[in-house]
Amino acid sequence: MPDEHGMSMIPGESLLDPELQQSVILTKVQWVKDWGRRHALWPMAFGLACCAMEMMATAATKYDLDRFGAGVFRASPRQSDLMIVAGTLSHKMAPRLRRLWEQMPDPKYVIAMGACVIGGGPYSKFGYHVVQGVDLVVPVDVYLPGCPPRPEALIDAIRKLQFRIQERSGETLPDMPQGLPQDPTDEDGEETSAA
Amino acid sequence: MSGGTPEGPGPDLGSGGEPAGAVEFHERQEAVGRDVRTEEMVFNMGPQHPATHGVLRVAVKTDGEYVRALQPHVGNIHRCAEKIGESVAFYQWIPYLDRMDYLAAMCNEHIGCMAIERLGGIEVPERAEYIRVIVAEIQRILSHLMAIGVYGLDLGAFTPFLHQFRERERGMDLLDHLSGGRLLYHYVRIGGVKRDFSQDWLDELEAFLSSVETRLPEYNTLLLHNRIFQARTFDVGIIDPAMAAAWGVTGPGLRAAGVDWDLRRDAPYSIYDRFDFEVPVGHSGIGGQVGDCFQRHWVRVREVEESLKIIRQALAQMPEGPVMGRVPKGFKPPAGEVYMRGENPRGELAVYMVSAGKSDKAWRARCRGPSFSNIACITEVAEGMLIADLVALIGSMDIVLGEVDR
Amino acid sequence: MQFWLDELRTSVDWIGALPAGFVYTIGIVVVCKIVLVYASLLAGETVWLERRISGRMQARIGPNRVGPQGLLQFLADGVKLLAKEDIIPATADKPIFLAAPIIVFVGAFAAFAVLPFGDGLVAADMNVGLFVILSLTSIEVVGIIMAGWASNSKWAVLGAMREVAQMISYELPLGISALSIVILAGTMNLTDIVHQQEGPIWNWYVFRGPFAFASFFIFFTAALAALKRAPFDLPEAESELVAGFHTEYTGFRFAVFFLAEYAAMILFAILTSVLFLGGWSPGFPVDLSEGLARWAGALILFLKTIFLLGVMIWIRWSLPRFRIDRVMYLCYKVLLPLSVVCAVGIALQVLFAITGLGTDSAFGRWLGGM
Amino acid sequence: MAEPSDSPVAAAADPVTAKALEALQAALPDAVVDSVLTGQHPWIQVRAQDLRATCRLLRDDPALRYDCCHLISAVDFPAPTEGEPHIDVVYHLVSYVVRPEASYAKRAEKNDPFLAIKVSLPREKPEVPTVLDIWIGADWHERETWDLMGVRFTGRAELPRILLPEDWPGHPLRKDWEFPASYHGVPIIPPEGL
């Protein structure tokens, strides 16, 4: 769980005296950790709809997300740091998304890619089955508008997230959403996700 | 479970086991000795799984590596396109059609607009028809390139996937320069298209066509002619013509099964009857068996070549003139209904629209996503195959979940 | 290593005054550290190499932002993985889950102890060096099945099953083709095997007749399979099994698996160069046993290793993945009989040489490796 | 605008539908309720209880051989201008086997055996016999029609929802369906001001 002081996720660290946290060695350690996290954002290979095509295009030949160290798409949520929610989130999918997010180890980041996951997008008004924004389900770090956003925009979002991780390391993370969807159709009690 | 010994039913294996005799076993099971107990596992492939091409969830009952039964679960990105279709005005629905099959947006627009035009009796200028065919065929090339590349990815070859993106990006740029969008365009409008080609764009198009022409053999070297690829796809996931017809499989899946059927030729819409092109049909001469994964892949590759032909012919025939017909302001078609079918890259998209008259909204807007029927048939095809073959099968169907769930 | 320590004890007075056992203990620890750090760095840079080469192959660039040309990318990855949350699934078998990465790590890295990096640059110059390496790398299987089983995830179990089936099968052609070289060389000491290949390029064991030549390809193919490299990457086939046996592993434990995989790649690349490609011998007669020349030899071996790693990467990013039954088919019906034929053929070669049946010509002597 | 038959004023009867209608009237004289043979969407309406016999005939008759159920759709008419409130279920059928001509050369006229069968159901209790055993591909279409329109298909083992979750309230494509406020704690109607 992200604590209120920002990105330090190791249990017990936030128990340290705030003044001690400011001391030279600990800030250096924090800097090194942030540096690593910044340059090794492994996204989860997780696409929902149209935006996922642009996410793939961003990882592919012309735009090459791997330049920023963010091109290692992991299929298992256990090994990924960044969830790019690309596409429309439906009510049926929301519990699974939530579960995948919970399966990711801390520190984890979420980019809400596209109009649909920001606020329902074009489906907001008449789409009964579309969640009105992914931030109702998981906390979002970067909102990336567009329908779908261009790959340049996704690169920009990742750069912004990198900036946020290191340069604004102490900032508060977004609040946890209140509504926690239950998985209604998990009849066999099996894991619905990769892990 | 197969725990039955010759003497009688095997011991209860607890959770995960089915009651004895509930599941029929494949012949190969008999190779397991009598002391070996096997137990079935239920895998949930997806919704977050690299092989499901989106958010398909397939519950697979396996015995070791063999698939015993499977059930696809869809609806994870059900986006209510039909409800929206009857809630918004006709012209407002076209962008939603784009988003149904996001890899074939132009084709969807084309067919959706034609449905509405037929409903309202709107004439489309000649030049606009040609432009529509050209952009739809560019879209078909892009979609098939994606399908070819992603199929490689499913089979573990990463490089063809990224290589096809090189051509795909050129094509996307092309449509971007024409319409302003890379993936979803809203370029085809009711009554015509948004804007005309420019000479620069035509030059760009020519460069794109020739680059696809030169690069396609390279992709074939990486996949189609690759020994491992052939070993993975030959005789895997065979769909015979009767099965294809009964399940409603259309598009490359149907043609690979040996059914010589292409709406562009057999029920020509738009101006497809003016072009001379072949319809690739799976046959035993190309390797593998008719209707297997390899033949579906081969049909896609061949269709890219045919699309190139159609575009070249359309460019040569294209007349001068306006690109937008006369569409009455506050367009309200008379009461009636229309069923418009068209050949999408994935199969037959059909739009069934009912107009109540005196309204700018459809009374009912129904879509038949080709992938919806294509993916349903894997329940029958996949029984008894290996998990790796299941991945090959799903990949070869080339589904787009946005269209399955709509 | 003992050679170096002895030299140190005779040349430096105060070290010579220390008890011999103490010096050796400290020496072992230091050398182990050096080997470990070297192997880890090399493994990390192999990851970078792989990402850059695959980038080139795929008409893109690859990581280039961290450090010059992205050379420090693996450090960022490592730091990040170290600082990640360590999740142990609630349903996992905890002790086995925790022990599995350690066993895999030990299996992959312990073998470096007997691996020569150059003439005399070997931590433990054992007479049974090759045997030790092959047995230590087999330990990895145990760790992997532990990981797959203890994760209590179906994908992991399936991945582990595939891994075990594949590795145990491919150890047969791997071992037998290595055995061919042992027959040819008459020793399992890796340094001695390289010494026998010194001189002109046709002294390399890969060029000692058709059987040795075939053995090289069998060995390399079987090594690819044992390393779970594409086209044999079934245990972690992403499009089928999500991430295979390490699906449930996070952070540092995953990093260990990752590192062990690349360490094993380097291990087999070095082993292949030592067994077949003349080790640190440049391919022409030159003395590389003393002083700076020793390090030149190490550099030559390093270059050969990089070349073989490049080939592995090249193969991985070009080919689709095999299917499990095809993998087994290839092993038991193609590679295993071929490797046996090669071993027998080489044994006959040696027999002819010993009995003098071919020694009347220079060609026969060369073929027999005598 | 390739063919003149596409325009809504075309008066020529569709030969494919006429042929099917003829066969139906010969074999099942009571089944056909209504038919439209002209225009761009000709159709034949049959009684719900005769649907299975109709479909079986259409599939098995050697001259018809409709081997593919292309689409099943339902249209809700809660307050039609004439008649009772009803729900129409429309079956669109295609035949790949029987085509007017066997040569696949380029041709000007359609080579497209394509048929629409309609069933009208009472709105309160829309029930129609399943055609799952006639065309296996109808399975998902029937499930979807049940899911979104609430038409129950009788005679099949189970009829689960397909697109929406099992506990979703109501059938959204009914014209009188109302948006629920939330689903499992996640709001559905966007908050005010959006």
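Going by the order they are written in, the chains are A, B, C and D; count residues from 1 in each one.
Everything that follows uses one rule, which is that a residue touches a chain if its C-beta (ideal position, glycine included) is under 8 Å from a C-beta of that chain, and two chains touch if they have at least 3 such contacts.
The model shown is predicted, which means the values in this text are computed figures rather than measured ones.
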Selected interface, A-B versus A-D, where C-beta contact pairs are more numerous: A-B
Chain whose averaged C-alpha position falls nearest the assembly-wide average: B
Inter-centroid spacing, subunit D versus subunit A (mean Cα positions, whole Å): 43
Averaged-CA centre spacing for the pair subunit B and subunit A, given as whole angstrom: 30
Interchain centroid distance [CA atoms averaged], subunit B/subunit D, Å: 22
Separation of mean Cα positions, subunit C and subunit A [Å, integer]: 37
Sites on subunit A at which at least two other chains make contact: 60-62, 75, 92, 125, 128-129, 185, 191, 194
Two or more partner chains touched - positions in subunit B: 43, 49-50, 75, 78, 80, 83, 162-163, 166, 405
Residue numbers of subunit D (touch at least two other chains): 163-165, 172
Interchain pairs in contact, sorted by label: A-B, A-C, A-D, B-C, B-D
Complex contact set, residues of subunit C against subunit A: 51, 55, 58-66, 70, 73, 75-87, 89, 153, 155, 238, 242-243, 246-251, 254
Touching residues (chain side subunit A, partner subunit B) in the complex: 44-50, 52-54, 56-57, 60-62, 75, 77, 87-88, 90, 92-93, 96, 100, 122-123, 125-130, 147-148, 150, 185, 188, 190-194
Contact set on subunit D toward subunit A in their complex: 163-167, 172, 179-180, 182-188, 190-191, 194
Contact footprint of subunit B on subunit D as seen in their complex: 1-2, 6-9, 39-41, 67-71, 73, 75-76, 90, 92, 96-97, 99, 104, 106-108, 110-112, 114, 116, 135-137, 139-140, 144, 148, 161-165, 172-173
Partner subunit A, residues of subunit B touching it in the complex: 42-44, 46-50, 54-55, 57, 59, 73, 75-80, 83-84, 87-88, 95-96, 99, 102-103, 146, 161-163, 165-166, 168-169, 172, 182-184, 401-402, 405
